[in-house]
Amino acid sequence: MQRETVLDRWIERLSRRFAQRSSRRSLLARLGVALVGGALLPLLPVDRSGQFRRARAQAFFENAQAEDDTQCNYWRYCAMDGYLCTCCNGGVTACPPGAEPSPTSWVGSCVNPQDGNTYLIAYRDCCGKEVCGRCPCLSTEGEMPVYRPQLSNDIDWCFGARSMVYHCTGAGIVGRA
Amino acid sequence: MRSSLAVAVSILALATGVGQAQQATQAPPGQERLDVTEEWSTVTLPEASPHWIWVLDVAFDNLIASRINIFDGDSGKFLGVVHSGFVPNLLLSPDKREIYVDETYWSRGSQGDRVDVVSIYDARTLLRTGEVILPQGRALIVPKLPTAQLSPDGRFLLSFNMNPATSVSLVDIRERRYVGEIETPGCSFVYPTGPRSFSLLCPDGSFADVTYDDSGRAQIANNQPFFDAESDPVFEHAAIDVAGGRGYFLSYEGMFYEVAFENGRTRVTDRWSLTTAEEKEDGWRPGGWQLVSWHPGLRRAFVLMHRGPRWSHKQPGEEVWVVDPEANAIVDRFALEEPSISLLVTPDAEPLLATLTDTGVVGIYDPESGEHLRSIDGTGVTPFLLHAAGG
Amino acid sequence: MRSSLAVAVSILALATGVGQAQQATQAPPGQERLDVTEEWSTVTLPEASPHWIWVLDVAFDNLIASRINIFDGDSGKFLGVVHSGFVPNLLLSPDKREIYVDETYWSRGSQGDRVDVVSIYDARTLLRTGEVILPQGRALIVPKLPTAQLSPDGRFLLSFNMNPATSVSLVDIRERRYVGEIETPGCSFVYPTGPRSFSLLCPDGSFADVTYDDSGRAQIANNQPFFDAESDPVFEHAAIDVAGGRGYFLSYEGMFYEVAFENGRTRVTDRWSLTTAEEKEDGWRPGGWQLVSWHPGLRRAFVLMHRGPRWSHKQPGEEVWVVDPEANAIVDRFALEEPSISLLVTPDAEPLLATLTDTGVVGIYDPESGEHLRSIDGTGVTPFLLHAAGG
Amino acid sequence: MQRETVLDRWIERLSRRFAQRSSRRSLLARLGVALVGGALLPLLPVDRSGQFRRARAQAFFENAQAEDDTQCNYWRYCAMDGYLCTCCNGGVTACPPGAEPSPTSWVGSCVNPQDGNTYLIAYRDCCGKEVCGRCPCLSTEGEMPVYRPQLSNDIDWCFGARSMVYHCTGAGIVGRA
């Protein structure tokens, strides 16, 4: 099942980084809610409150487009916060030269205007390099406070990367919501 | 060989130079020279006025090179700057003698070894007088007030960690040493609630209440959720009145939660909506960044409000609404010159209200009349937070 | 106690979370989930084209956070950035495989311990692969090309020091080690003149000629002054053609000095004025920052010229004058779209001419026709220097 | 004689900083031309070439004023390069809080429009603190290349200060030229 695969990969990668806490059990205990979030990630868009479905009617989606991923209103960027990697010689799922994709991410749930479907988007920071500085964007559809970290875009999401220095942000599809 | 060569050549140069100097000394007779020589000094600041506004500029274009610019809210004058590191937090000692910056550096700019540190500055000379290293790091998030806080007496600095597991580092400011880490799994931030206590916000919409002692021993107590973290979360920024034993939290949709602090425990005493049905219909919501400030003398909360759709919780405020928590009422509201992301009411008896736009313009208002007194430009590239001493 | 508390609370959180997850897993039957998962990668650069333009931005507003932005001169596309330290100098290895940044850091941003270092980057990954510390420091001046240079084979990096005594640090790039210091009292900069030789400019208007070997042993020879350092000094930036054994220096007032490099010695072979009496009357002068560039194939020097009074030597150039040193003649001149402080002609057979304004606009021209091909905005806050690989 | 006093003070201060080279003789040998410049500083305006007298006719002096020292055309700033300390809660000869006046300087020779006299100006960097960033100014009357350091304003002139980090620049009168 994909949910476990993603989760397992994340745990495995974090385990390798934090070698002093190498057992899955102790890492689980250590990460606490963050891991809960990891497990929850693919499921949030269908949560009971239906907030994401309600959010579809909001401003971002009305102006979203699917042609130019170097613009803030590109459909995947509905909960983006940061410099677009697509403006920094990276891509929507590629880090620019010298930066490393974080193994962790926050998530959003965005509507693709081409098919009308809602997709779960993982916003990954590219890390290990000072800010790119091109195309700053902020969108807050479904964005939550830091005490709900997986949905918060104010956090430097370089957890698990070799360096916590933030360079830019991409937006990869994790699945249909 | 290298050093003898050096001496030989420099003696040559020196001889030439002295020759020229002597020649020049003999030039134009009768001409006055060196009749004035001005002495140089360094400016020292007076004790901070409560009307000084400290603007924390996270500097998104160069996150490793943030800065804290200080202005006199009465005159608009620039008073000084403290250069800081990656996503810093600023704390001003209650006695106004020191400044603490909770910050992160790398040994080669943005490369090399990371160090997390509380930097200590003298508030009058702005010289860096010491530091305490945080061995467990710190939360690297865009600066928010509750990310680091002082105990009310200024003795301890509490610095929130997220790696992504959460905890709070305890630093003994008086003894200049790291005491230890208080584990706070899953809950975030530091809201001081008493002399040796603080609370955190948990993902289920509850507080976790922590008490600690001077040696860093801590006890944590959980509570029932008081808001719906799925549908209407409270903002991270809140109005905290430790001395008064009260805190005020507000939600994306404008719910106002009143919290009593009693012996290190939280108790939600009241909840009501800042907006009427009609105002809701018009889209009025709280929003921005540092969107609420409390004045203990006036006993009023000042809240940035805007008209916008759901999920516009970071949109700058176009009005300030003045909240009386005893009457559960908005007692005043006034429009701002420019939409602003942050605001601060100074803590003194004749307070100023300072606002901040996302382009670095500080507005100064009379918080009681709403009158716009002046604006200060150029307070930062991407500033986010306002501070005042003794607040 | 702390760790047992942590485990207890996090297990609680975990249990809650798993419960929610299971609940959610059972939500809307038939709905597709996780049918796409995109892989992530990191872009690697190809070998640098000779038309790539490297813009060094000293970033006066944050000197500790300078950067080197890379653009494709053919398309204007942004290709990448290397973040650098205090008043850096950039060097590109002749084989295009590495990048060297001669730079300075402090351990706490702009506070703490200073370190001077040659940082080594892989040119394709832009990853920092090593460093060599400069124990004798380096000259902290606004970046100029002759402040640090490579030996023509790329084996040694020569880094000018001024503390304020002058010397040159020798770094063995191949062995990744600091070799030693060559004392050059009173004379400044590094102008490579041969495989293991360089010259410097001295305050009396002469060259000092240095030869060195792989172990860092050096010999220095002095020369007679060739310009009047009081009344008409030569610019620091010069057109150096090491392979061709020639260098071209020009003065504030437009004198053009041709220098032959022979076995590590300099010999001034010709001097003439770039401007006619009439042009002088109109105020035409060379000026700017990196104001001259040499193309070895075309055998032409390109010089930024402006009309201005004496002491306008840093004024941006409004025209480019094309100099033929064999004919002692200006063979072409063309106007720029915007006045520019720096220029560079790429070293390849179909060269581009790149210019730089003090607001960070790079202009791309055909150096033979003078045609303006394109402009690239946003190349820096206060950029000063342009580089090209293999130049 | 003032010339020796200034020079002696500078040597003494540098000697204390560079404690490993504590004898005056070895320091003199070490500093070479820099010291030559130090000795020459008060004397340059009357050098034989007369360049500074010629320079009086140039653009800077035509627009100079003596009222507002937070403007780039304040008369003392004829060879200024940097951020004005007067805009940073310092003064024309005072460093802002947290910065230290450098014991060394470059020099210029500027005409005071109030009395028509030419004064020798020492441009001192205030040091030990990252740039102030307010009121950047560049003037180049009599400014020379770096190989003539005492007259060059491209150099970080924090030699002898506790830190080479540059904050802002002031302009003190050293004497009449």
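Remarks
Here the chain labels run A, B, C and D in written order, and each chain numbers its own residues starting at 1.
As a working rule, a residue touches a chain if its C-beta (ideal position, glycine included) is under 8 Å from a C-beta of that chain, and two chains touch if they have at least 3 such contacts.
Since we're looking at a predicted model, the values are computed, not measured.
With each centre defined as the average position of its C-alpha atoms, the distance from chain B to chain C rounds to 38 Å. Distance between chain A and chain B, defined via averaged C-alpha coordinates, is recorded as 27 Å. Annotation for chain D: residues touching 2 or more other chains are 30-33, 36, 47-48, 129-130, 133. Residues of chain C found to touch two or more other chains are 6, 9-10, 13, 16, 62, 64-65, 83, 109-111, 165, 185-186, 203. In terms of inter-chain touching, the protein chains here follow a pattern that is not a line, ring, star or complete graph.
Contact between chains, as defined at the top, is found for A-B, A-C, B-C, B-D, C-D.
Contact residues of chain B toward chain D in the complex are 6-7, 9-11, 13-14, 16-18, 20-21, 23-25, 27-28, 31-45, 65, 67, 77-83, 121, 124-127, 378. Chain C meets chain B in the complex at residues 1-3, 5-6, 9-10, 13, 16, 59, 62, 64-65, 83-85, 105, 107-111, 115, 117, 119, 128, 131, 165, 167, 180-186, 203-204, 217-218, 220, 222.
Listing the residues of chain D that touch chain C in their complex gives 30-34, 36, 47-49, 51, 54-55, 58-60, 104, 129-131, 133, 136, 138, 140-149, 154-156, 158-159, 163-166. Listed in rising order, the residues of chain B touching chain A in the complex are 60-64, 86-87, 104, 106, 109-111, 114, 139-142, 144, 162-166, 185-189, 200-203, 228-231, 233-236, 309-314.
Looking at the complex, you find that chain D touches chain B at residues 2-3, 6, 28-33, 35-37, 39-40, 42-44, 46-48, 87-91, 93-101, 119-120, 124, 126, 129-130, 132-134, 170, 172-177.
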